[in-house]
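Paired with subunit B in one complex and with subunit C in the other, subunit A is shared by the two complexes that follow.
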Partner chain A sequence: MSAPLIELEGVEKSYPYFRLEGVRLRLEPGQVMGFIGPNGAGKSTTIRILMGLIAQDRGEVRVMGCAMPREQAVAKRDIGFVSEEMRLYGMASLDWHMRFVASVVPSWDSAYAELLLKRFDLHRDQRTKTLSHGQRMKAMMLLALARRPRLLVLDEPMTGLDPVARQELLSELMQVVSDEQRSVLFSSHHTQDVELISDQIAFIDRGRIIESTDKEVFLDRWRRMHAEVPSGKSLPWLPGVVDVTSSGRVAVITTKAFTNDLPAFYEQAGATIREIQHMTLEEIFVAEVMSSRKENHA
Partner chain B sequence: MNAVLRSFVAKDLYFARPVMIGSVLVALLAIPLLSLGSLGRYAAMILMVCAGAVPNFFICGMLVVTERKERVNLFTLGLPISGAKAALAKALAAATAYIVPWTVMLIGTFVLFAVAHAPKGLLPFGTMAWVFLFDQFCLVLTVTLTSKSEALFSTVIVVCNVSISFYFYSFLSLHVISDSMPSAVAAWSPFVLKVIAIELLIGLALLSFTFWHVTRQRDFI
Partner chain C sequence: MNSLFIISQADPRPMYLQLMEQICQRIATADWPAGFELPSIRALAADVRVSVITVKRAYLELERQGVIVTRQGKGSFVAEGADVGLRLREQELEDHLKSVAALSLLLGVTPEQLDARVRVLRDELTREKS
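Moving on, here comes the complex of A and B:
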């Protein structure tokens, strides 16, 4: 197996009111990782560390086999980076930006850039300060994609986009990820986008990675069981159960470690399982963050 | 200098171009004023001060402060360049954008005074003041590249602006300066040469500190 494209081990970074603690993250070639977390969870800080824009206080960071931030110039030759916070030179045209990136990145693909210009309906002579938010994100995506990078790092690229622009960018991303040699790290707090394109999931909250695993396995492990409970009976908290909410005789059990034995255990405890549901990534995200916060308080 | 660093410097010089050209144009406007008596010379001096001082704030403000504030640096730092090299390119570009027109105007002034047979007594103090404006540029560049504080940037600009008046008042009240100004011959007294040397040393020390500091930074955002 080839070396991971992203490897973070025990990464820490402290600010006066925020701390990234023991971050461990791994992205293999060809994988698409959805990096999910609430606002202020540490997604952008983690991404900036792995891009070499800020230095970690402790821990090891290797991207494309390069130690970061020391070897960032080499690593970034093969990384396309787009951030929602990123801006272009307002007085310069998109054409100027394309020529500038082409002058510093040998892998620039002019034909693909032309194709993306048409596909995104962008005008090369337009000054970037006159672009709308959606057009700006498309322009930045064009500048990143036309470099043909092996790794795409996208920090909240869909934030603030209208549904059409979002769909256009997602379609292009889907095409990029269909190439199995390319990897994507995609941070967002919009779980629908992540669920659509990623095959790996990493959750971050309050500066700590609380889960990092394969998406399908992850989605399969989380279930919500609706049970009927005789009055006076209370349901046990079995390992992996993150929440039990009762309302009268109806209880909803949320678990992150579902096995086929679990309903039988609750049946033995006196409950009648009425329904077992899969959960959406958004529901899991909320449940995971809430459960992690509860554990921290306890 | 490697190709990426060169591209980064060229990019900033492209954006600084209007300021570079503008400052030389303002200095050119001063030439016809020199022949209009003492009032004309005073106006020419004001224009020269503008040509030397104003680009300083524009160059540092535009190339460093605005780029950082508007997060354009996220775009540039996403390209294959280290943060330290990007900061070095910025310092090099800003220094070039200021020093090239500054040198052209300095040499141009000497040539003009020689060709036009103008009273050369103005030259020693003019050179002192011109190097002082270079020091101001170095100070502003140092502050913008070593600190992210916009309040500090604004404060330094105000201090620089006010200090020009103090500089002129302080030195023009000295006989060693003022007595020789109307003279047809430039009096390069030891005092004048010492002041120019100290000013140059201060400017070079500030630039050296800036280059040293930017290559040792760890966080670039």
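Moving on, here comes the complex of A and C:
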């Protein structure tokens, strides 16, 4: 097994109103990691730290074997980075940007850049200051993808993209990992996209990584069970249950520790399980954040 | 964007199950005969635009069910004598039984009553056939 492309261990960073605590992340070659969390949870801060743009207060950060931020110059040769905050030179055209990157990046693939120009429906002679937000994101994606880097780090790349452009971007990201040496880390609020293409899910809330695991395992653990509870009976609160909502005799149990014998426990307690549903990443996201907030207020 | 399979996010079933079913359909219709080499996991993932891990899980599950065989370093192939038609029917029966179980619970029908009703229906079918 080759070395991980991203390794964060015990990473801390303090600001007056925000603290990143004990962040641990690991991304293996050939994988897509979806990085999710509510606004202000620490996604961008974590990404800036792993890109060496800001220094962590504590902890170890290695990106493609390079200690960050110290060896960032070496690491960045093989990283394509796109963030919402990045700006292009407004007076110059996209073509100028493409030629500029091609002149400094030996791995630039001009045939692929041409293809992306068409797929993303961009015009090479357009001055970048006249681009819409979505077009600017697509232009930056083109500049990052055509470098054919080993690692793509994308902070909210889907923001502002129309559904067609998003599909095109998803296709390109999946093309990247058809090579098992390359990896993608992307943060996004589009949980559907994250659910679709991620191998790994990292979930951050209030500066802490609350989950970082294999997507299939992650989705499999969450279930919503619809139960009928006879009056006078109450349901036991089992470990992993994040919410029970009752209305009359019907209770909806949300758990993040589903096992096949779980329904039997409830049946023994007198309940009848009517239906067991899988949950979408969006539903899990909301349930996870709501339950952790409830705990904090308790 | 002409993919081999389509994963629907409006489908309540997990994505790996949707993928398994669509692969089984290909095999049942003999589009993919015994010995046919399946696309590599990464190629299929890129084609369908779904994570590598999801395709991997679908392949592992199909392998466990004996529908496909994976030869190390060679790829995955449709198993000889994988009677997928039968398997699909079996799956269909399982699905219907699940709905029967759920509905009988809802209506308070006991397993004994269910058994009796199924017997009546089976007898009717055998009589019709003969």
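Simple rule for what comes next: the second predicted complex is superposed on the first by the 294 of 298 C-alpha atoms of A that agree within 3 Å, B and C clash if a C-alpha of one lies under 4 Å from a C-alpha of the other, contacts with A are read in each partner's own complex, and residues count from 1 in each chain.
Operating definition for what follows: contacts are C-beta pairs under 8 Å (C-beta built on N, C-alpha and C of every residue); 3 or more make two chains touch, one makes a residue touch a chain.
In this text, all values refer to a predicted model and were calculated from it rather than measured experimentally.
Colleague: Quick one: classify A:79 as touching subunit B (first), subunit C (second), both or neither.
Modeller: After superposing on A, A:79 lies in contact with subunit B but is clear of subunit C.
Colleague: Let me test your reading of the model: by the given contact rule, A:238 touches which partner, first (subunit B), second (subunit C), both or neither?
Modeller: After superposition on chain A, A:238 lies in contact with neither partner.
Colleague: For A:196, using the defined touch cut-off, is the partner it touches subunit B, subunit C, both, or neither? Pick first, second, both or neither.
Modeller: second
Colleague: So, does A:140 touch the first partner subunit B, the second partner subunit C, both, or neither?
Modeller: Touch status of A:140: first partner only.
Colleague: Is A:286 contacted by the first partner subunit B, the second partner subunit C, both or neither?
Modeller: neither
Colleague: In the superposed arrangement, does A:87 touch subunit B (first), subunit C (second), both or neither?
Modeller: first
Colleague: Counting only touches as set out at the top, which of subunit B and subunit C does A:219 meet: first, second, both, neither?
Modeller: second
Colleague: If you stack the two complexes on chain A, which partner ends up touching A:67: first (subunit B), second (subunit C), both, or neither?
Modeller: Once the two structures are laid over each other on A, A:67 reaches no partner at all.
Colleague: Along subunit A, where are the residues that touch subunit B in the complex?
Modeller: Against subunit B, the touching part of subunit A is residues 48, 51-55, 69, 72-74, 76-77, 79-83, 85-92, 100-101, 103-105, 140, 143-144.
Colleague: Using the touch rule from the top, collect the residues of subunit C that touch subunit A in their complex.
Modeller: For subunit C paired with subunit A, touching residues are 1, 7, 9, 12-16, 42-43, 45-46, 49-54, 57, 102, 105-106.
Colleague: Under the touch definition given earlier, write down the residues of subunit B that touch subunit A in their complex.
Modeller: The touching residues are 3-4, 7-8, 11, 15, 70-72, 74-75, 77-83, 85, 218-221.
Colleague: Considering only the defined contacts, which subunit A positions touch subunit C in the complex?
Modeller: 30-32, 167, 170-171, 174-175, 177-180, 192, 195-199, 214-216, 219-220, 272, 274-275, 277-278, 280
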